[in-house]
Amino acid sequence: MHSPVSESVIQESLLRWIVLLPLLGAAINGLLNRRLPRAAVGAIACGSVGLSFVLSLTAFLRLAALPAESRLLVDTVAKWIGFGPLRVDMGFAMDPLNAVMALIVTGVGFLIHVYSLGYMSHDKGFQRFFTYLNLFIFSMMTLILGENLLMLFVGWEGVGLCSYLLISFWFNEEANAIAGKKAFVVNRVGDFGFLLGLFLLGATLLPHLGAGEGLFSFQVMQRHADVLAPAATAIALLLFVGATGKSAQIPLYIWLPDAMAGPTPVSALIHAATMVTAGVYMIARMNFLFVLSPAAMHVVAIVGAATALLAATIAMTQNDIKKVLAYSTVSQLGYMMLACGVGAFSAGIFHVMTHAFFKALLFLGSGSVIHAMSGEQDMRVMGGLSKKLPITFWTFLAGTFAIAGVFPLAGFFSKDEILWKAFSGQGGGVGLYAVAFLVAGLTAFYMMRLVVLTFHGQNRASAEVRHHIHESPRSMTMPLVVLAVLSVVGGWIGWPAFLGGSNRFDQWLEPVFAGGGQMVAAAAGHGAALVEHGAAVAEHGGQALAEGAAAAHGGGHGNVGLERGMAAASLAWGLLGLSLGYLVYSRRTKVADKVRGFAGGWPYRVLLNKYYVDEAYDGAFIRPGFRLSKTVLWKTVDAGVIDGLLVNGSALVVAVFGSLLRLLQNGLVRFYAWSFTVGVAVFVVYLSLKG
Amino acid sequence: MEAFLFFSCGALMLLGGVMMVLQRSAVVAALWLVFAFIAASGVFAALSAPFLAIMQVLVYAGAIMVLFLFVIMMLQGPVLEGERKRLALPMWPAVAIPPVAVLVLVGSWLSRRHAEALPVQPAGFGSPGQVADLLLGRYLLAFELISIVLLVAIIGALALGNRERKLPWS
Amino acid sequence: MSFITDHILSWVTFLPLAGSLLLWTVVRREGPARLFALAVALADFVLSLHLWFHFDAKSGLDQFVERAAWLADGRISYSMGMDGISLMLAMLTTLLGPIVILSTWRAVTDRVPEFMGFLLLLQAAMLGTFFARDMLLFYVFWEAMLIPMYFIIGVWGGQRRLYAAVKFFIFTMVGSVFMLVGIIYMYFHAGSMDLSAFLALDLPRQAQLWLFAAFFLAFAIKVPLFPLHTWLPDAHVEAPTAGSVILAGVLLKMGTYGMLRFAMPLFPQGVVTFAPLISTLAVIGIIYGALVALVQPDVKKLVAYSSVSHLGFAVLGLFSLTTMGVAGSLFQMLAHGLSTGALFLLVGVIYERRHTREIAQFGGLAHGMPVYATIFLITTLASIGLPGMAGFVAEFMILFGTFNSPTLAHGRLLTVLAATGVVLGAIYMLWMYQRVFLGRRDNPKNEGLPDLSRRELVVLLPLVLFMFWLGVRPGIVLDRVEASIERVLAPLAIEGAAPAAHEASLTAPALDLPDGQGRFVYGNPEMR
Amino acid sequence: MVVTLNHCLLLAAGIFVVGMTGFVVRRNALVMLMCIELMLSAVNIVFAAFSRQNGDASGHVFVLMNFAVAAAEAAIGLAILVEIYRRRRTVDVDELKSLME
Amino acid sequence: MNGFIAPAIGDQIGVLLPYLIVAGGGLLVMLVDALVRTKRKDHLSFLTMAVLLLSVLAQMRGGFGGESVVLSGMLTVGDYSRYFNFLFVGCAVLTTVFAGAAFERSGRQRPEFFPLLLFCVLGMMVLAAASDLLTVFLGIETMSLSLYVLAGGVRGNVRSAEAGFKYLLLGGFASAFLLMGMALLYGFSGGTAFSDIARALAAGASDRGLAVLGGGLMLIGFGFKVAMVPFHMWTPDVYDGAPAYVSGFMATAVKAAGFAILARFACLMQPQLAFSWYPVLVGLAIVTMSVGNLVALAQNNIKRLLAWSSIAHAGYLLVGIVTLISPAAGNSGQMMLGREVGESAGAALLFYLLAYSLMNLAAFGIVGALSKADKEADEIERYAGLSRRKPLAAAVLAIAMLSLAGIPPMVGFMSKFYLFSAVVRAGLVPLAIVGVINSLVSVYYYLRVIVVMYMKQPEDGGYDSADTVAVSAAAVLAGLVLLLGVMPDSVHRAAQEIFRQITF
């Protein structure tokens, strides 16, 4: 996929099984449903995903064995849509980018499957749950491994569906069902943009296709990227609308916090680790297109940064443990978007990976807590759990430090790279950096708040609940441990150069994103884009040296000192946030009281109520929409004007005419004769005038 | 002579007709009609139709009108309550316009032509013999059909007039 | 066998008719009547498989042609033929036939033989409409469809069935009578009722506009296109389940089929002139139908309005005047037939159990009826065009075709607006699903309702299967219709240039007429 | 003064219209029947006049047929009238209103 | 003037045989009635049917094709008249069946019915073959006088008497206009034969005004018979008051007879007078259709409904007449085309009349079959649930209604198709559009009957007994309605052939 012309495409029919195995698992569990014992269901579900992970790993290794320029495996299954010039294949492909994604998804997915065995063990919908979960993995893998944008869209919608199903898994509660629907619908709004982007892309590309070239194939699109240039901004923005839906960015982030209504493993898997990163993945996948449009990139970066800040502020006030994590996720996704927006795709994907580890860990940890608290999610009644749930506590703490960016945990590396790129990347600058930096501190603060409220001090729950508190079973703690380890060491693969590493992660992905850089260079060579772009870059920082090509290579290696300084600053800032969180929420100091006093005022209420965004949407779109539909369209236009006035009205007019004419038939012979004579008179008058 | 006969009888006939319409009593109306029919026979005579003139008196004034009078007598001379009242005034124009229009238009339309005198036909024109020849020759079918018509009238009258539910012969 | 295969179209068409006649005269008892009707419908389906397997996908020409002089010295003939477009819709019809009959096994207990007879009669008329290649024959079948549907709604329908039945009948008649005048008018210019003769006609622009309007009105009412749609919700709500299924599944497609087969190729000038207006109406219909569906308190009415929205897509695709849009439209017809047909079947299932369709009466049904809820959900998703299911391919191709349309000046704007229908579709369907199936089972009447019976599963599974099959392998349809669509659209000369530049080519449509269907020249040359 | 065809036609028209008007204004069924007879005699005059004008006696035959038909019609009409009178005790056509909308 | 003409008649006896059979049959039935004294009168209806069938046989004996002028021009016997004779006889046979069944059910015999029916048929037959004003007049009068009695002669039934009397009064009134028209036309042409008129018209003889006015007045007379607005007002009252079997006969055979002579007469006058008549007739046709359909919408009585529907159908048929004499049908140099248009219009007219007779007779037949001695089954609301109580009767009535509404595959559709085809062919597209809009309106009230029968819950007091014989006969008609709807070609072809032959 990285090479513009790929003569050396390697067929690898392994890929389809990576995708299909979970589907098979879902099918078996779904169709046989309650006829299977629970153990078998669990085995099939975990087994299929595990096997899928193994296959991914195999494919990954095969890929790694190839020379860097030709790292591409293709598996074309069949023609999907073929009509005239429109040709879309059903097929899969694997290159370094989606190999990473595949490993993350199947790997983390497997762990969460295992975790769910314990978490859901007493649930009535055990089979259903694993069916959905497997179906999700299938969809997600379709999304990731899909050979073309339309396949990606299939997966995209598929994960949306699974998300819907799993959010409203406990559908007995109307609220859960509403949350599920909200997630789906908001995603559909995003898909609206995605679809239009597809159309515009297709329409632009279609006339230039060669024989046998699939329209939306990533390879083909990349090959013809030059013809996309004129429409790149529009296409990119439209696709980004899709991404804001899936990856919970402004303005479509509103569904994700509500999505916490689903079982916690779902939150961990779908709404933290995998699905929500699909938008980031899609943008990274389409990097060759996005880089053609600095404007679109800028929008992506700004939206990402804004989302990160917004969500982080809200997260500081939430009392529901999962809500905090959810806003944290939104915030982190903002980071990833920011990374993509400044051209640091690999940094974005790196953060996707590390975030998958520690956020899955955090969610699963919170799940463990909730499990222990008999389903209670409000942190205000928790506290003091560290002793009773030691494994949970320690792993959770690891996750917290990871997300806070404590060296040398995973989060540090990815976040630091993003911060650096926000400053130095294409279109990056002080502004974006400042926002990202602020968010990093806030993140540390609210995460510490969460830990303190949950694990520190005295337990505030009722006696009965307190009585039941116990550590989770092995199937749940094992994944926690694994993820905790990954959260710690997972970032080392991207050990940056300025700290003496070689950033293997960046290198691995480099072929994928290099093409995009070349494209920019090529496009820039053609026109004004480079001039503008170059100027923007120059304006924005001390890194005036960063030339287009260098930027495309994922950042220069120039200013190691500055990089180190900034990394140290962010580390310090993160630690400050953590300390502050600890201080404010564990010890009643004067500072803390002041902060609380202030926070109890209107800013607190605004944040607690999430800036009233849901209410605003409700008032601006939903209510007026319903009112319009019901009173105007249905009752007035449909029933009133069309049916009442036009249809029944004309019928009435006819009927009235009939009734009036009927009155003439009064039974009087003389009247009949009279009308006869009138007829005769008319006849005679006419004929005598004419004849 | 011919002209005198025509105009005088024509005028009388018109008079008879108008009087019939204006009379309230059915008996008197019938008598005025007989009067008009007799005048009509004069008109026929003036138009070289002697046979018709005779038949007019015999059949129409004689047979048919007697039938009418007989029925009127049988019904004890109905003089209708309703007809004692004049037609409401607003109705007059509505009733009058069609006939007046017809009359005016046809009249004005006709008066522009046929102003020459009727040709004089040879003697024997319209005589019983000539008519009989036609009736039994060219118009034989009509002759036969009229018998059927009369038969129908007989059957009809019998069927309608009988109080029992069967014909006299049944 | 050759006596069947030589006249296969007639067999497929008239077998159900024969069945219905027997049902009215001989098979008068309930049980046997059901079995007999099912047998006939299945036999018809089996016969139609012959069409499927012996159809030559490469050729866009009519196949299995049958022709016999009928009236006026053969100028009006019994002329049947089938191309890819007809094939698809006919297969949909014969597939739905047995399903519908099976679905009424328990629902209809009153006058069963008559009911089954009407169903079969309806099937015969629908198939005839798809196969007819003579305009009068087409018209006869077209109108004949009304009668059984009228009775099905009127006799076996709900509370306001009389109103609905008459409304259905009159609405449809309003359009078709003007079409009849149009057909007659063309007949005397073409000298023959044969479709090919009509196609060979070269009418002046003014005449084309009027004729197009006459034809289009008939089809637009049937579709139904906004604002001619108000008969549909009434008819659907009042019709018995079987009636709704056929109505949504096949009957509505008559409109789009007619546009594609007749209104568009016959009057290129009319199409070019009216396409902007029509596509705008189609888009209004998409959004309007969706919005009104949103606020319906009755499940069936909601699905009915969703049909307005979905068929708006089909019309939009047709008048994108691109082969892709048209193919998408055809695909939409099939997809809508499957998904909405299934939805009506599902609504019927719950109606049989609860005798109400009011959404407010339900809630939490998924608790007691998991299988039902699952199939309902799948169908719902198919209806809202989830990728991997039939509706997606259709909507994608329609919107893509419209987006790319060289003739529609505002095609892209329309696409944007129409795409909102995709969002709205998700809203109203899922909201309905949520209110009916999710949440607590508050209403005690909803407790203890039996889940889908085996028969109901047998009825629904084929449809579900096809929803997936068509979504994953759209090629089975697209490959078979491509040549036909190109041929049908040939008179429109839609190579992408401005239509005005095609005046010359429009006046002489280059058609390869099949053997025996030469052009007819007839009548006074001055009048032509 | 000579008799012209015009005179005949005008006379006939006059009588015909009188009959026609009478038919419309009179409520007595018997008189209405008489009015029809009057109109028929107007027709007869036209026939006779044209016979004379054209020298063709077939008009006379027509008139004779008219007589017969008029008689037949009167017979049947009166018979029905009697039947109605028996039941309704009236010959006022305005009271024959059992058949109306 | 040359003495006796018996030999001439001898030559023509073969052609006249059907007429003689019907006339003699009427006398025979009378005689048999007088001589055979039984309570039951079945034999009369059988005898009537035998007579009618015999006349059909006699009709066919001479073969088809060619027109022969017989009885010194009084009659023109040809395929045109044969076609109508078959139609009349067919209607009469079914009326005999319906009437016989009605008598049987009510137990009240009408012995005068059968001879009068035969004489009525004779009048119609004469009318259809008439080629002389006098024959036209006598034909009409024979028919009408019989009908007055048939309609008004139900003893003990005031409504029937009132209907008969109203019909008679207005019929006589109309006859006067007809006669006046004839007189003027006679004056114009100097003879009573159609050939005289044609000759005079062709010669551009003396006073064309006489012909215009005379023709116009005759048109009024015919218009009365076929229920043309505004000369239609007797129709609903008479159909309502007369027993159903008579109403059915009047709506079909009588209307057909009226149109038989109207079409012939229109053809006769067409070449020269079309321009004077044509616009008036167009207007009257439109008004007739519209008034008929509109008022029918508001009916609750099925007989009145059918009456108004028959007025509406008269409007459609008038459209056919209009087409027959339309400018396109025979002038302005387009002779070839004109001939074709005329032929297609004429053929459509003939076909329409046949189709209309079939479906309308079926409808009236069912109404009659449901009627009882003292009460006709005329309230539409009381048809509720008929489909359950008497499924066959309901089905037949439904088919008749659908056919009247012009829904394929019933013959009503085909007849409308042929008719509007001719109209469009003559270039009168707006007229065709008015026609189809009208038939659209008509759908509503026809459907209403079906709605009541099939879709309304049965209530107490619904009609629940039907005469089997009558229903079976109506079912045969319904079968024909369907059969001819699918395969109308042979009849239509024959109709075309007939109009190709017609000469004046």
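The chains carry the letters A, B, C, D and E, assigned in the order they are written, with residues numbered from 1 in each.
Basically, a residue touches a chain if its C-beta (ideal position, glycine included) is under 8 Å from a C-beta of that chain, and two chains touch if they have at least 3 such contacts.
Because the structure is a prediction, the values reported are computed rather than measured.
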item	value
Intersection of contact partners for subunit D and subunit E	A, B
Higher-contact pair (C-beta pairs counted), B-D versus A-C	B-D
Central chain of the complex, centres being mean CA coordinates	C
Furthest chain, CA centroid comparison against subunit B	A
Length of the line joining the C-alpha centres of subunit A and subunit C, rounded to whole Å	38
Mean-CA-position distance for subunit E and subunit A (Å)	79
CA centroid of subunit A to CA centroid of subunit B, Å	103
Between subunit E and subunit B, distance of the C-alpha-averaged centres to the nearest whole Å	30
Junction residues of subunit C - those touching two or more other chains	none
Of all residues in subunit E, the ones touching two or more other chains	134, 138, 141, 145, 148-149, 152, 155, 161, 166, 169, 173, 209, 213, 236-237, 298, 444
Junction residues of subunit A - those touching two or more other chains	662, 665, 667, 669, 673-674, 677-678, 680, 684, 688
Contact pairs between chains, per stated definition	A-B, A-C, A-D, A-E, B-D, B-E, C-E, D-E
Residues of subunit B touching subunit A in the complex	94-95, 97-99, 101-102, 105-106, 109
Residues of subunit A that touch subunit E when the two form their complex	651, 654-655, 657-659, 661-662, 664-665, 667, 669, 671-673, 675-676, 678-680, 683-684, 686-688, 690-691
Residues of subunit C that touch subunit E when the two form their complex	70-72, 136, 139-141, 143-144, 146-147, 150-151, 154-155, 157, 161-162, 165-166, 169-170, 173-174, 177-178, 180-181, 184-185, 187-188, 524, 527
Residues of subunit A touching subunit D in the complex	662-663, 665-670, 673-674, 677
Residues of subunit C that touch subunit A when the two form their complex	167, 171, 227, 229-230, 288, 291-292, 294-296, 323-324, 327, 364, 366-367, 370, 381, 386-388, 392-393, 396-397, 399-400, 403-404, 415-416, 419-420, 422-423, 426-427, 430-431, 434, 437-440, 472-475, 478-479, 482
